[in-house]
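Structures incoming, each one as structure tokens.
Same chain, two partners: subunit A is paired with subunit B first, then with subunit C.
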Partner chain A sequence: MSITSFYFLCFFAAVLFLYYVIPKKAQWGFLLFVSLAYFMTSTEVADSGGWYVVFYPLGAVAAVYLAARLIDRTKEQKKRRAALICAVIFCVGLLCTLKFFRLGLLAPMGISFYTLTLLGYLFDVYYEIGPVQDNYGKLLLFGCYFPTMISGPIVKYQDMKEQMYGGHKFDYRQVTFGMQRMIWGFFKKLVISERMAVIANEIFDNYGSYAGFPIWIGAVAFTFQLYTDFAGCMDIVLGISQCFGIVLPENFNAPFLARNISEYWRRWHITLGTWLREYLFYPLLRTRFFMELPKKLKGRVGKKRAKQITTFSAMFILWFVIGYWHGGTWNFIIASGLLHWFYIVSGELMEPLFVKWRAIFRINVESKGFILFQRLRTFVLVMFGLIFFRSATVPDALRMIGRGFSAFNPQIFADGTLFSFGLDWIELVIALVSLVIFGWVTVEQQKGWIRERLEKKNIVFRWAVLYALLFYVILLGQYGPDFSASEFIYQNFKV
Partner chain B sequence: MTKKQALKAVLFVAGFLFILRTVTYIVRTSGDVKDRFAGFYAEEEDTIDMIMVGSSPVYPYYSAPKLYGEEGIAAYPLSTNNQRPKAIKYLLKEAQKTQDPSLFVIEMRMFTMPDEEWEDTMVFTRGVTDNMKYSWNRIEAINSLVGDKSERYTYYFDIFKYHSNWKMLVMPSQLACWRYEKQSPMKGLEIKYGVGPAEWTDLSAETGALAPAEEQLEVLSDLLSWIGDSGKDALFLISPYVMSKEDRQKFNYIIPIIEAAGYKVLDLNSHVEEMGLDFATDFYDYGSHVNALGEAKCTAFLGEYLQKYYNLPDRRGQKGYESWDDAWKLYQEEQAKAEESCLKDIEEENWAPEVID
Partner chain C sequence: MSREEVFEKLNEVFRDVFDDDSITVNDTTTADDIEDWDSLEHINLMAAVESEFGIKYSMGQVVTMKNVGEMADIILEKLS
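Our next item is the complex of A and B:
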């Protein structure tokens, strides 16, 4: 049951109604029931009849639950560590077996998300920075809360426990804000992403027939497709959760406003970045190997370089894992991993040179022009990575990039070629106007939440804006019997 | 939730539903069927005395303006392509919401075909459901016509189907349909040009009977019982066409059932010579449907038959029928053009292109 489907909206409406009519104490239990029911109706289970997959999350939560309790109750470090390692091996083993080793077993919805969420909780208990949950059912809800099962975000137990188990009185403002956010998510997914997909699919699937600018148009289209798809999904998910009074962490913060790749990753898939930084990168740097590496290298390359090499080596592992996690094949490892590692490392190594150039050319780094240049540069670098992401194989991506540089044909912007990529002129205009609206809102959003600003306007204006957005999505969205709207891209990756 | 918030929520949802309904009516695909139904809804209340339902052998065969102009009968066709017999009851119910007809005329060709042939062809079902105004009756029609429950929501909320027609929101002709009420200048008639000659086979000697599909017999039985309960009179009609022996036998099976229920059956195939219908000149698609020449003959015969057997009021000159006078005038002009064109085609042996099913 896709979250953009009519049946999901009916399901959500019914759940929301019941959630607020039952006693507050029963709300978390109800959400658990609903989450498991949603899990059982997921496409994977419904299509295959593989109801047994429900035992995967039940098992993973049981392992983490028992390990966390053991860790919490014993002071003996060996036992604590053993419990931690056993649970991690169990959960990661299950994830790898079902997702990456492709043994023909059915992988349940959201396995990567709930695995990371549960492991984060376990690490916090182990490092004594987070409390333990003694109720298995409550931990199960934390791991399998249905909005987060679709595509995340990856949540932290400390942020969720009060919200999830505390009970909520109906809050008109929260519910309306949640619904408004859902509409915004539908706008991104159904109006923009689905249109961008038409162009991207045409050019990526037939890149051999194109050269020069069409290749870059396809790459830009896919960049926007992926972003509006994933961010749209997050808006819907966060909106759903907000309706239940549970505020989930943001996963995006205008990534295309980033001035460099490091900043981009602080704005894109934020909860994944945070998780990997806290539970993989920092612990990695604290291992004996990485603690001793600078000392070993200091004599040969100097203190500064030794530190850099150590950090870059740990980052290499981090980025490899990020890339591998996105799909387990080399195009993903390059697209979302190693290419970005290369960008960051080369950026840091060349920073002294950049500083010199900026001084020579007297560039004001805070000028609007320079900021725009940096943002465009970051966008282009990300776009190159996404060519690998969307291509079937690495050689395909390289050939496609090669074809992009093989011709200079700006005339395609004037001779009507633009309308041959699957969207006629009016559809293209809709796509561009929608992107402009989206861009404007994104920039405005940096000054504060639009919904809160809208709330202060009079009711006529407010309702006019909401109706306009609603019917913009209803009329211009690509859905219904004549369309086959794709699943969310990140939902398919199960990351 | 405070009372004020609840009121605001209710008003917002009501506003949403109102706009949704309006927008849907506008973006529903334009065409003859939409014009016919919007035209029906635009008719003044309680002005129509006879409702004609059925498939494509209705709207090109029987001219409502001619029936009015020559016999004074106010009739309207609620007909759609390949109209499934299951839909008839709901259309008649729909008609009675705004009109008080004393006679239902039911064209029967579709009863010879099994319903399953049409169930999967969405467009024929939508021809009915997506041209009705939103109502409980429409929901019942959808429940009856759409077997796949998981698909029904796209019929209940047909914006799912038609939202991509958003460009129609700037077309004045479609904006006028915002309430699904827009006068049909010729009262639902579709005049057919072109000539496709056919050869008539007289099957009047065929007395054998063959049962149609069981489900169609059930539909017929339900329909007869519903008409009986409604207290209205009904005339079952078989329009002339190049009939197969099998169809003849199916009609032979059905006719006694209808007559036993107390309703008349007018089989125009048995009156072809009397009507002066010429299969070589009066059809546009080689024997399936009549052109303007055939329509004039079928309508004239039906009009006389109605005068003879039914006591329908003469509405000519009455207040509230001004649009019917206009329709009659327009019909005469358009019909003359169409007949002239058909005669020219016959003279030049310029036959219509074959229609491939």
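Our next item is the complex of A and C:
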């Protein structure tokens, strides 16, 4: 059951109603029941009849639950460590076996997300910075809470425990804010992403018949497709959760406003970045190997370089894991891993040179023009990575990039070629207008939540905006080949 | 070792790690007070402090330490 389907909205409405009529004490149990029910109806399970996949999250939670309790109760470092290692091997092993080694077994929905969420909890207990949960059912809800099962965010136990088990009274403001956020997510996903997908699919699937600008149009379209799809999904997920009174951490903060790639990764998939930094990167830097490395190198290359080499080597491992986590094949390892490592490392190494250039050309780094240049640069660098992400194989991506440089054909912008990528002119106009609205809201959002500012406006204006957005989504969303507004409700809402 | 001696040694470590001889730390010094003290440098700093005093922080202490005062408290506790 996809979260953009009509059935999901019905399911959600029923769940929301029941959630606020049952006693507060029963709410977490109810959410657990709903989460497992949702899990059982996920497409992976429905398509194969493989109901047994529910045992994967049940097993992972059981392993983490037992290990955390043992770690919490014993002072013996050896036992604590053994329990930690066993549970980590079990969970990571399960994740790798199901998701990456592709042994013909079914990977359950959300496995990469709930695995990290659970391991984060376990590490916090091990490091003695987080509390332990003695109720298996409650920990199961923490791991399998259905909004986060879809595609994150990766949550921290300390942030969730009171919200999840505490019980919530119906709060009009929270519920309406949640629903508004969902509509905004549907706007990104159904209006923008689905349209961008048409162009991206056409060009990536037939890149051999295009050269020059159409290739770059396809790459730009895919960049927007992926971003609005993922960020839209997050809006829907955070909105759903807010309706239950449970505030989840933000996963995106306008990544394309970032002025360099490091900043981009602090704004894109934020909870994954935080997780990997805290539970992989820092512990890695504190291993004996990485602690000794700068001391060994210091004599040969100097203190500063020694530090840099150490950090960059540890980062290489970090980015390899990020890439691998995204898909397990080389195109993902390059697209969202090593290429970004290369960007960051070369950026740092060339920084002294950049400083010199900026001085020679008297560039004001805080001028609007320069900031715009930096943001465009971020977009282009990320876009190149995403060409690998979307292509079937690495050679395909390289050939496609080659074709992009093989012709210079600006005339395609004027001779109607633009309408041959699968969207006619009216669809293209809708896509562009929507992108402009999206971009404007993103920039405005930096000054504070639009919803809160909207709240201060008068009631007529407020509802006019909301209805406009709602109808915009209903009428223009979910583009498909048989698209028409009347068919929308009956036909295009597929489970 | 007295608390003053710990701070004296900490000053040296900080000056060495951040390459800045004007640094003087006290109980309330935090990462906000020293420009280059970001999360990555924090890990380097911890390593330098550990080797100076011959102690080992736990990962939990590394990430929850709030200021230099707390850092010194843990050092004194481990040395005693």
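Just so we're on the same page, the second predicted complex is superposed on the first by the 478 of 495 C-alpha atoms of A that agree within 3 Å, B and C clash if a C-alpha of one lies under 4 Å from a C-alpha of the other, contacts with A are read in each partner's own complex, and residues count from 1 in each chain.
By our rule, contacts are C-beta pairs under 8 Å (C-beta built on N, C-alpha and C of every residue); 3 or more make two chains touch, one makes a residue touch a chain.
Quick caveat: nothing in here was measured; it's all calculated off a predicted structure.
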Partner chain in contact with A:Arg277 - subunit B first, subunit C second, else both or neither: second
First, second, both or neither for A:Phe170, with subunit B first and subunit C second: first
Which of subunit B and subunit C A:Tyr467 touches, first, second, both or neither: first
If touched residues of subunit A are counted for subunit B and for subunit C, the larger one: B
First (subunit B), second (subunit C), both or neither touched by A:Phe389: neither
Partner chain(s) touched by A:Leu476 [first = subunit B, second = subunit C, both, neither]: first
First, second, both or neither for A:Arg286, with subunit B first and subunit C second: second
Common interface positions of subunit A, toward subunit B and toward subunit C: none
Residue ranges of subunit A in contact with subunit B within the complex: 6-7, 170, 172, 426, 459, 463, 466-467, 470-471, 474-483
Touch list for subunit A against partner subunit C, complex: 123-124, 127-129, 277-278, 282-283, 285-286, 291, 294, 307, 311
Residue numbers on subunit B that touch subunit A, as the complex places them: 1-2, 5, 8-9, 12, 15-16, 19-20, 23, 27, 122, 150-151, 153-154, 157, 159-161, 163-164, 166-167, 169
Subunit C to subunit A touching residues, read off their complex: 39-40, 43-44, 46-47, 58-60, 62-64
